[in-house]
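Structure in structure tokens, see below.
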């Protein structure tokens, strides 16, 4: 059990979403944000950085969007389904773009391969949580 | 001319969006994020905080979403219309929810009145930029 | 092995710090940021929120500082020992204040107990990494 | 008068710091964070990006640290002088490193020249506020 799950279980009010899927999504978003931040920096450190600038920028976008989403999903007071839906859609768009971009360099750069996997896992978690809301 | 506009004008590549509206939106997002952060804290400082907890939480959500959006919009390398569209939609949802919530307390708390105005201005800027993209 | 460690191991240049301790600190910072964000929200959801406002605000400060620090530590290009040292000192101050505040409510609120533990673990990880830099 | 000042003036409790200098510092931090985010992206867009990777990474560090600091300084509930002092020291270190790095490219890249100025102004605002706290 991660700390995210433990914290949700001590929450003093109704959560409004499936506990397990919510915790899994928050954890996937946090991991994706961290991996994208590292991948942007690893790309900057490559000799062929000039060919990786789209990858750096997309990593930074995905990190910012996923980090904000992890915070929004962690806040259960004032839960607003419209905000949650829109934020998850933004994460799905960012994870798709970043996962696709990193996949292009995955055979050459191991950090891009790991990052593409994180983006893919995060995208699936967001879609899975979104499906419980409709 | 704000620094945001000056920075966009020195950008070494095509911007891909209307300069003036892009700069206005980034500035509106940054101001809204800052005002929501302050409003959350001012609400916490009110004697009647128990009646303002939704306002605090919605302020925090709006601050996180607008701050992330200001960063994403500032990045022109790897510009992705789908990410931009989704991020702007998330801002519109957050600014609407936060502006509505703050408006309920605007007659009693000046910080909520100012924050409702910032959210409304930010919402309009996002809608205006979005309209140029379709 | 966490993704943080895997990403550091694929880094194309020298890391400049002890790999294992750096990864442990980044993971502790990310967990602390997440736990503090949740604890702030759980405190807002308590009936006695009026007695928890310092805890909410300190949680928010600690979350912002630790989240920024996790990003800075993840960036190895342009590693600057003075920035790293100062950022770790800021985390130590924030984790100490937040851990102390949460400890005061730990017997009453399980989320504060878990959060105090996260802050304490993060503080120790930061001190441990800092000790390798002197 | 900026919105930051207006919000501080509506604050329901004592502020604990010089209003005018606090507002000036928050505004300088927010502007610096925004300028550094843009400068990182503009550097990525330059043909000579391989010579600017330290500038990109230092810009990203400075943006994250200043953005977190703007939030911490905006929170007056639970004001903790030790956290504030440490956060301001981290900003000073980041603004010095980023201002120095951007200055090296200022004659060649206008975005670096503007960013070096933002960093310098932010550093001075942080030092000025810090001086009122001792």
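We call the chains A, B, C and D, going by the order they appear; numbering starts again at 1 in every chain.
Just so we're on the same page, a residue touches a chain if its C-beta (ideal position, glycine included) is under 8 Å from a C-beta of that chain, and two chains touch if they have at least 3 such contacts.
Bear in mind the structure is a predicted one, so any value in this text is a computation, not a measurement.
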item: Farthest chain (mean CA position) relative to subunit B; value: C
item: Comparison of B-C and C-D by number of C-beta pairs in contact, larger one; value: C-D
item: Length of the line joining the C-alpha centres of subunit C and subunit D, rounded to whole Å; value: 21
item: Separation of subunit B from subunit C, taking each centre as the mean of its C-alpha atoms, in whole Å; value: 27
item: Per-residue multi-chain contacts in subunit A, two or more chains; value: 41, 44-45, 47, 53, 56-57, 60, 67, 71, 75, 77
item: Interface residues, subunit A side, partner subunit C - complex; value: 3-4, 6-8, 10-13, 26, 30-31, 34-35, 37-39, 41-42, 44-47, 63, 67, 70-71, 74-77, 109-111, 114-115, 118
item: Subunit D partner contacts - residues on subunit A that touch it in the complex; value: 40-41, 44-45, 47, 49-50, 53, 56-57, 60
item: Subunit D - residues contacting subunit C, complex; value: 53-58, 60-61, 64-65, 67-68, 71-72, 75, 77-78, 80, 82-83, 85-87, 89-90, 92-94, 96-97, 101
